[in-house]
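My structure is below; once you've seen it, I'll send some questions.
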Amino acid sequence: MITLASDFGTPYPAAMKGVLLQRTDARLVDIAHDFPRQDVRTAAFWLREVLPYFPPATHLVVVDPGVGTDRDALVVRAGDHTLVGPDNGVLLPAARRLAGNADRAEPALIDEESLDPVEPTIDQSESDTHGQHPSGGRSKTFHGRDVFAPAAAAVHEAGVEALESLEWLTPTTPAVDLVLPSPTLEDERAIGEVLVVDGFGNVITNVPGSILDDLMRVRANGETVPVGETFAAVPVGERLATVGSHGYVELDVNQGRGDEAFGLEPGDRVVLKPVPDSDD
Amino acid sequence: MITLASDFGTPYPAAMKGVLLQRTDARLVDIAHDFPRQDVRTAAFWLREVLPYFPPATHLVVVDPGVGTDRDALVVRAGDHTLVGPDNGVLLPAARRLAGNADRAEPALIDEESLDPVEPTIDQSESDTHGQHPSGGRSKTFHGRDVFAPAAAAVHEAGVEALESLEWLTPTTPAVDLVLPSPTLEDERAIGEVLVVDGFGNVITNVPGSILDDLMRVRANGETVPVGETFAAVPVGERLATVGSHGYVELDVNQGRGDEAFGLEPGDRVVLKPVPDSDD
Amino acid sequence: MITLASDFGTPYPAAMKGVLLQRTDARLVDIAHDFPRQDVRTAAFWLREVLPYFPPATHLVVVDPGVGTDRDALVVRAGDHTLVGPDNGVLLPAARRLAGNADRAEPALIDEESLDPVEPTIDQSESDTHGQHPSGGRSKTFHGRDVFAPAAAAVHEAGVEALESLEWLTPTTPAVDLVLPSPTLEDERAIGEVLVVDGFGNVITNVPGSILDDLMRVRANGETVPVGETFAAVPVGERLATVGSHGYVELDVNQGRGDEAFGLEPGDRVVLKPVPDSDD
């Protein structure tokens, strides 16, 4: 099984799928292709939260603002999973979680020159004008198709136990790490950060949901809101704090957008203080 | 085969697919994940119109404004098909149509406590901060992943003929029904309603297309428009009434948006009167 | 393998998939369903660029502003590939490229009356009001479901080598051709056109990338911009000319939108002149 994730929209992911299917019969599953453009951190968060629900697979990830520069291309073994993508940190939070601990994530460098080149079916004599296709099968601007897809197909075909048989892989230390920010947890408050806002407008913080245990209300950046187990704990249109499906504190609105109601976006600071039951 | 439909956007459907693929090798087919948010009626309409074109399958449906409340989770057998989703009416119009008549749709209640819990691959020692994952494998806010996907996988594996072997299913009567509105058909006019507006802006009513038989023109909410067999029966940008692919009267614009031209949205009343050929 | 491409958005492609899966076990792969509405030229461009990366397959293409008119329905054999779609030109640039040269693209006319009709599972006694489903299984407005999907399934099942065994196919000459515009290449300048703007805002022209060989700068419609091998050759937010992944000159902005920065949209004229290194 090969999963695909990118910020490409359409139809670029289809070109990656074509290349994969030239080389493997693997099942292909889309994670998302509408990650915010060139936003490595948001993609890293979602991959860390979603990929652990999959059975062992090869995960092809292309959110790649440095495409065509000298940033490296990586394969990272993480337990029974393998990730393939650029060396910009996007793979690492998911890899650490899939590996179970940091020691077991095993990154390797792709020697791009040694991959079988990608060849479209083109005859120079066909009648439409056509472009100058990249020599050696590698464009400078679409490594998803020309580098990462061939590498992912080869990794899938080799299998996670036999990555060392791939001569174009060399163990390495990634040049760029990415660790999603940790909250500061004090007795009287938690100081965290908005990690992402999902498509519903739910504001997902990095504060563990356990701080809401047994609370009826919480003060979020100075405003007191009810704590609910679910959106429907408050009337439609009302704000609440809840524990989201990832296990973090979320600031939400029942059937509305939490980001707008709370005025928060990714990267913003969030201070949460418990409100004792007797306190108004 | 398991189909998936939701109002989740991305990447939440991928988490459902991961859970499914942990438990089954079934083919997965997306119906849509951009249904209007928490709009049970629109989803119910599309499922009723689209699912009958599929071979026998398990249909996983999550449009669920009441997630985390005490609304029940259902499996509905409908002929050779099975639907899995919340007890809010969203499954029932499709189930009745797939079953062929109302008597053969057989709803059953899911005992959520008895499902195998969903377990992501997480080691508490991994280095990124992580949330407080739901105990017992069931979040309060993402039953698509934690309840409906495991149930759909188990239903698929059991097969539609052996649902009674699933001990966590109990025959039930749904708490919430949903019957899409019927038009009033009189000799001189039809009084109907806009069911949905599709992505092209076509206004799909609940009035059977047969009322347009042999008509050249029809009066729609007081305005006379030509009746055409197809959009291209009128010039680009012009309005028409036609029989859409679902068999209902649609109010459309050739290569334009009917909803804007007619000023109509879902739920609006539509009165259609035949215009005799001799009448201006 | 059957690929699907359309301008349908959702959920209409799911109805096509249901019909296909009633008739074949083929793998289904989406190319895109968000092509600009009824924009035959843009779809033809993307199909020409993306389909050659696929292994031999049947390609179902529905961008069809003339649906329901007397425009014909085509099957076009192109080398080891087969394309199925309307006779409006959308298939032909891809077919010529897949065939390797124009002579080997072999179009055939679909006799729609001879296809097995599409039948949803509907019992007239079911309780919801329903529409008047198209007689003979063919709506006037959704040939993707009712004509092209059944044809694509049959073509796939027959195999590309046995298309002549399909009695409902007759060799034909397409009524509508589409040749994407060619640039004028002079010694001192290239006069081309914007073919499409991709989702990143990259302006893809029809000028072969080779004209940028060994150039540091180029004048594009009178404005001098650097030539870079990749977006990151210029600072974030800056304009550049580059050779895109299709081999054409693109006018881009690093991590920004080239269409807005250059004020260009599809169909606009683009004049490119080399700027000698010594020239300011």
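Read from first to last, the chains carry the letters A, B and C; within each, the first residue is number 1.
Just so it is clear, contacts are C-beta pairs under 8 Å (C-beta built on N, C-alpha and C of every residue); 3 or more make two chains touch, one makes a residue touch a chain.
Chain labels with UniProt names: A, B, C = S-adenosyl-l-methionine hydroxide adenosyltransferase family protein.
What you are looking at is a predicted structure, and each value in this text was computed from that prediction instead of being measured.
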item	value
Shared chain contacts [subunit A and subunit B, defined touch]	C
Angle of the C-alpha superposing rotation, subunit B to subunit C, to the nearest 5 degrees	120
Same vs different contact residues, subunit A with subunit C, by half of numbers used	different
Where subunit A and subunit C are represented by their mean Cα positions, the distance between them in whole Å	29
Junction residues of subunit B - those touching two or more other chains	none
Interfacial residue positions of subunit A with respect to subunit B in the complex	1, 3, 5, 27, 29-34, 46, 48-55, 79, 93, 96-102, 179-180, 182-183, 198-200, 206, 208-210, 229-233, 242-248, 250, 255
Sites on subunit A touched by subunit C in the complex	8-12, 14-15, 17-19, 21-22, 28, 37-38, 65-69, 118, 120-123, 125-134, 139-142, 145-146
